[in-house]
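Per-chain numbering from 1; labels A, B, C and D assigned in written order.
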Amino acid sequence: MDYRSDTHAVGANNTPRCSSCIMKASFGNGEAEYSRIVSKASAKLLNSLWEQKRIPEEGWPEHALELFLSWLACHDTNNRVDIATVGAGEREGRVVCPLVRRLHCNLSHGIGRSGNIGDIQPKALGSSMLACLANEFALHALQEIGIVACKAALVVPLCTGMALSLCMGSWRKARPKAKYVVWLRVDQKSCFKCILHAGYEPLIVDPIREGDALVTDVENVNRILEQRADEILCVMSTTSCFAPRSPDSLEAIAGICQEHNVPHLVNNAYGLQSEECVRRINAGRAAGRIDAFVQSLDKNFQVPVGGAIIGTFKQSAIVPIAKFYPGRGSGVPSRDLVLTLLSQGRRGLLETYENQRRLFLKMKKRLSSFANEIGECVYEVDDNMISLALTLSSIPKEKQTLFGSILFNRGVSGARVISSTTNVTSVEGYEFVNFGSHCNEQHGGYLNMACSVGMSDAELDELFSRLATTYAKFSRQNGLFVPRSESRNYPDSDD
Amino acid sequence: MDYRSDTHAVGANNTPRCSSCIMKASFGNGEAEYSRIVSKASAKLLNSLWEQKRIPEEGWPEHALELFLSWLACHDTNNRVDIATVGAGEREGRVVCPLVRRLHCNLSHGIGRSGNIGDIQPKALGSSMLACLANEFALHALQEIGIVACKAALVVPLCTGMALSLCMGSWRKARPKAKYVVWLRVDQKSCFKCILHAGYEPLIVDPIREGDALVTDVENVNRILEQRADEILCVMSTTSCFAPRSPDSLEAIAGICQEHNVPHLVNNAYGLQSEECVRRINAGRAAGRIDAFVQSLDKNFQVPVGGAIIGTFKQSAIVPIAKFYPGRGSGVPSRDLVLTLLSQGRRGLLETYENQRRLFLKMKKRLSSFANEIGECVYEVDDNMISLALTLSSIPKEKQTLFGSILFNRGVSGARVISSTTNVTSVEGYEFVNFGSHCNEQHGGYLNMACSVGMSDAELDELFSRLATTYAKFSRQNGLFVPRSESRNYPDSDD
Amino acid sequence: MDYRSDTHAVGANNTPRCSSCIMKASFGNGEAEYSRIVSKASAKLLNSLWEQKRIPEEGWPEHALELFLSWLACHDTNNRVDIATVGAGEREGRVVCPLVRRLHCNLSHGIGRSGNIGDIQPKALGSSMLACLANEFALHALQEIGIVACKAALVVPLCTGMALSLCMGSWRKARPKAKYVVWLRVDQKSCFKCILHAGYEPLIVDPIREGDALVTDVENVNRILEQRADEILCVMSTTSCFAPRSPDSLEAIAGICQEHNVPHLVNNAYGLQSEECVRRINAGRAAGRIDAFVQSLDKNFQVPVGGAIIGTFKQSAIVPIAKFYPGRGSGVPSRDLVLTLLSQGRRGLLETYENQRRLFLKMKKRLSSFANEIGECVYEVDDNMISLALTLSSIPKEKQTLFGSILFNRGVSGARVISSTTNVTSVEGYEFVNFGSHCNEQHGGYLNMACSVGMSDAELDELFSRLATTYAKFSRQNGLFVPRSESRNYPDSDD
Amino acid sequence: MDYRSDTHAVGANNTPRCSSCIMKASFGNGEAEYSRIVSKASAKLLNSLWEQKRIPEEGWPEHALELFLSWLACHDTNNRVDIATVGAGEREGRVVCPLVRRLHCNLSHGIGRSGNIGDIQPKALGSSMLACLANEFALHALQEIGIVACKAALVVPLCTGMALSLCMGSWRKARPKAKYVVWLRVDQKSCFKCILHAGYEPLIVDPIREGDALVTDVENVNRILEQRADEILCVMSTTSCFAPRSPDSLEAIAGICQEHNVPHLVNNAYGLQSEECVRRINAGRAAGRIDAFVQSLDKNFQVPVGGAIIGTFKQSAIVPIAKFYPGRGSGVPSRDLVLTLLSQGRRGLLETYENQRRLFLKMKKRLSSFANEIGECVYEVDDNMISLALTLSSIPKEKQTLFGSILFNRGVSGARVISSTTNVTSVEGYEFVNFGSHCNEQHGGYLNMACSVGMSDAELDELFSRLATTYAKFSRQNGLFVPRSESRNYPDSDD
């Protein structure tokens, strides 16, 4: 016998002996009617969400999110309330630790089926619905953020690097002669290593200096593709990056790729929050070919690390990528995205992005003013609208790292000092000079800081307060001469 | 505009541009049908609970409890999902701290209305339903536990003492000449102080010794009622208590009360778990009058401290008590009871009680055997089926308390040493000799321990292991002579 | 054997065979040092809170609240992590339902001990610390809110009515001849019924009309005290109330009470948020005597229903009140208050109050303007800074209630229509004419609305939007003539 | 100013005016001492866990798990309680939705760093500690379960298929000529597709029939390796599988691999719970080479889907695999494993496995007896100790699937009907005859059911009850003749 059937037993002798409590009589038709309204309203809210599969305009309060999770969970067989499921398989969604079960809101089956991340699990309809909602919400969000021509999105329980690798791997069959991936150097290991992970060799194209900025060496890419397009699986470009590197010239690259029939993969890691990155993706798509663009869930949507969104401009283009994923995966990134977007609503999501734009300008202005005070300058990299670089010419090269770690200890996480170096860094056997600076060229050292989505005004104020006091103290202790006006220390002047 | 209406916006330019995700097409009629079944099953489970208002036979799993809480919460106006409530009153169920809100499962209105704990709050139908379910479950539980003639139960957000006071106060109007409450002494402060709280003076009747046990001085009670029944508000008897006190002779008291038309209030604090206490309540009711009996929620149902159940044998008798409560109250005790009983089911609840019975016998046997080993004995108080008392004649009186505190430090919470004393303890101006021993009579000291609902076999084993090692070490360190056979140290021999 | 001792077993054959993982070596001295810093910082945060027992200036983030709860819980014996406690008593804090346990953050012992709400439970030091912090925070909050002379505060797990009753009962012993409580009529049942609950008879003093407002009939009170001060337990005045009733003249009453040596109890239900109520309490204290003032936790601090704060101006005055409470009580109201104030910080708390002030003025202005539009007016009751009353002279008396219920159905909870009536309402046998209007006098009907702490600007906008559309529709459907200017319908003109 | 520094402000005028509450004085030295003991005990518990990094012998109660999570979280910079971190980077662990934040216990940084899953994140020491503990616990668990020679374990936030692919990819550099992976056919898509994902072509080796069982075609493997060892990246064998397939002959394969210097990868998906699978892994390692063996977290440890453990017999062998992972990953699978093992303790974990063994034998016995009753038989596959196969010769081939879906609708999830088919199934372009049956050979159809870790006695009873009633009804409705004795329908007899 189980809790679902014939649940309300009478006493041992089978005679009901319960009298009613003093409140019982008070519940009349009015209350019953209201209860029906309530139940209907809940059902309507949830059904309408499921039918439309779009981010609501206004965010839902937390109790509605909990209702949603309860409702979803009931769709998984192991949470049925009408019949006790008997698990006679090798994988029945069992969770032995109650705390873990709770942290997963009773949704334990993950997403996908053996061999296909996009399949529905008959045992876990709720988990499958969640995965579907996540994909739809992701697409809706990409479009609202500005990539209006996007046609399909897939939320994968993989970080950016692995997701990029998944795309590359899925193109293998179609390009049997390919051995190489053209990689527009950005000194971040994941997006380099993912090429190796996919089984290809990188052809590294260093950026070139244009003013303060490091920009795409378009000509070089063109030359490579002219020479050996067939051997190239794809070109991987990057949008979001640390100044002074600029987002790559997607427009040019997309054109070249189209001309040579080479796929173009965009590493748009945290670029959704930047109007410029979004603009370049759109421009690239208009000017040529972008086969897929990949973005991090955590960096763009303020969720915990764990997932990425793969976007394509053709609906059919997402299918081979999804099918290439071998097996199931965690449903947590999908859940986190759906909950976050339900909680923010479309309006809330866009507000966080507008905020980032406003605060970035504020940060830039204040950093410039601070630079001016201490006789440094901020690299002019106008199309990088997330990251800034402050020259550190007043600090001897050998002390720059120390300055960075003092800042970190003062609670300024995320600001990073980049010292110039002629040392060689090896990443999986590939050697890089001056790794971290995105190019071999030497420079006078700089401090990177970023204004990403989620930053607040108060945080920004605190940042500059700590920066100023830390710098002042550091200068004093290290006997730095802090002139009011000193020309910027150009990289090449160091060589 | 709010999240409830027209929630799924199209893009800024009002053209829907979302294409469907790869999973969307996979959700066909089968899934839609299943989803309908799931929703229906959930609705059925909840509606059937609400219609029957009885403890289910089998316990519900946690995800069903969460579904239940979500469903209830939606019935409170501030959690409506179809319309955003605008609070224009002085009390709108607002909870500013998200953690607190969550710990209350969005149910913030408490129970009752201004001036009546049994009223439905139109703003908080969900909270009111919870209160009603709590009363019904309480009644059902009392009947299942054995008090089959019980006709009404009220869960109050008050502990036993306050609940006893509530009963007494509610009888004031009906007994305008009453000044006193006859109190059958049991050395526990709450049930004494509640008489003063209700505005009456206690007439204290000490128990009398019968064998090892301390039993009701029935004759004395009879004499008092014969002399001044009119001045007596009620007689308060106690069932559950520490050995060697026995449960009071409810049968005799109930008869006397009926004869003299004096109400009879039973302090059944943790007596539900004892067959003997339940038997006495039934016998009392059969033999005469019991106007109300009060039991603790936490001690009988393993919930946190905070509530009590008032039971009556006439449905009408509960009304004046409920109406006497001035105002609202916390809904937490009601919630905790309902969740616990839903989670255990009727079967689970009764199992915890059967377990207590089994373990009590085991504890008694082991304690007797331990007593035998160290030359002490266990008081013979056969009708106390929760608490036991082990004589401590081998430990000098002045060291007995030390022994108790060592046990406590070894993690044996709940075991208490009672030393005999001629000192006077004053409770709110009333003086007691030998407070803690339930009577003035001196004795050789004893150790109380109880086996209450929730104890486990492993705990019992551990208890005796620690008791033995602690006693052995204590004996050695204090040079106690531990004979194998020593007659029990009768209380009077100390005088 | 238990999880606390010798916890890390080697393999079955007792040979440790574990090799280290690839990450292990990476954790060096730096990390160990940082971990020490972290642990120290946590300890410092908690210890400093416990030492100072004051609301922090800035609110704590949720993870710090969770740390605090974990830390507290470890102080209860049943949560010890160094030794498994063996419960051998009748009450061991056992919680059988995991969900319930979690909703109580493992704090199950409640507050107080048998017979004293202010005692420390040796078994439950954590729960006791929480109770102590709640009292200290309450006192700190009262002082910060403006009652600077307040010397003691007690958080009780009782609502306002029961807390008022507790105060009255605790004064019984000191005033043995007292039979009555002078009650300044306010039509709210709890504060009336609590007099009966405490065992006294109310002497009802109706307010008198002064302009639009209903104010204290000071003379009448004075006359009563002159005649029979000895028979009076106390005078109970009220601050927060629905317009057009004004807060009572505490200054005058306090003076009269002092003159006649009669205690003065203030029902300050939701008055902490009103500068005027706070001002009157201070003025009363300066001008004479206020023996205790009681306020609701939920209405002033946005926590769920369940508790109240009793404040006194002498530290010693709180002791007999605390001691009068017979037994334990729920720890939930104390917990909710502490968590809320930790989460808001002193600054956040005061901000919520400043917001209420700002929004009340806005509400008043908009309501006046709306009144003007529809030819009604807002009662001028300047010293009521929470509640407003809009005349409803344009709606026939027999349809006023219908208008109120339509508003409620449109999601405007809390707004209440008060129609004048010559009917008699009986509350526990006492008869009131025109109950709800605070006096017998007839009037033209009005709509009450309140702006209490927690209201938002958006809510206010929505309120007036719904009010306007509802009124317009109601007018049309009921063929009301809506003049632009109609003089206010004075109550007495109805008689 | 922030909540961490100088937190306890005095009143606005800077004069402390707080008096102490009635409880304050009661907290004396005893309580302070106890508090110190408690804090020390907590610290000791956590530090000792961190030092030993081994599964405790006995499970921890939930409140200790929560303490652990709070403690870990404080180690991440964004949860510091001593200083407010200012995030000036592109990834600061921000979580905008409070519900999501809570579901991650404030641990939002995931594991690994850009480009290395095994690196410590300076910003997220707590998350890194969790990852390290997960690896250590995994290793400890593998050893306790019986793979005593295991030397390293890596918990990856990838399911089995992706984890297998990770291993294969990491060996690419060392085997530059390799193009193929020898795959011992098991009809489960993930472990096939992961070969393609890694960039290799499968060489498929069908199992051969031996009695009822399908066993490894060792000779065939040997022949392939003799011919083209250099072109083979590795051989992938499988342990856990559906009857009548047997676990592969790891001993033989390992020997052949060693002989030909070809890596050997074991797909041990849910094999930890099977003594036979564990025995084979050990035997394989003793007889030859196993380079890595991969197991699912969810199927072996009853956690939600999302992770896998990669085990190796050399500590150094795990390093290239870890380094090959390009980037960060979700920390959830690591967290779930650690919480589960802390909650179970070593003893609890092993008990779940013993239970599986006991219940499997029970299931086998009951299934045989049921088979006997209905004239079917259970395939004799003695070395498959998880999955069983019941012949369905009495049901016409075309109705077998229907029977399976009826069982599913009756709540028997996991039981699967395998009908024989000559159809061809294409998986990513590779064609399989009779996919699902693990070989092309035709058979009479059978029903698979498994007894995996977590199954209970009650579930087993219910399973057979539903199986019997479903079968009986199905037989009646379909007019099946159910003989008492019918010889088993050998696959080949169907051809």
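Just so we're on the same page, contacts are C-beta pairs under 8 Å (C-beta built on N, C-alpha and C of every residue); 3 or more make two chains touch, one makes a residue touch a chain.
To keep track of the chains, here are their UniProt names: A, B, C, D = O-phosphoseryl-tRNA(Sec) selenium transferase.
Predicted model only: the values in this text are computed from it and were never measured.
When each chain is reduced to the average of its Cα atoms, C sits farthest from chain D. Separating the CA-averaged centres of chain A and chain C is a span of 45 Å. Computed from the mean C-alpha positions, the centre of chain A lies at a distance of 52 Å from the centre of chain B.
Contacts with at least two other chains are made by residues 62, 66, 80, 98 of chain C.
All chain pairs that count as touching, in label order, are A-B, A-D, B-C, C-D. Considering their complex, residues 1-4, 6-12, 17-24, 26-27, 31, 34-35, 37-45, 48-50, 52-64, 66-67, 70-71, 73-75, 79-82, 98, 101-102, 106, 118-120, 125, 128-129, 131-132, 135-136, 139-140, 143-144, 148, 151-154, 315, 318-319, 322, 345-346 of chain B touch chain A. Residues of chain A touching chain D in their complex: 62, 65-66, 77-78, 80, 83-100, 103-105, 107-111, 113-116, 122-123, 157-162, 164-165, 169, 172-173, 188-194, 196-199, 240, 242, 269-270, 296, 298-299, 301-307, 323-333, 335-336, 339-340, 343-344, 352, 386-387, 408, 410-416, 427-429, 449-455, 459, 462-463, 466.
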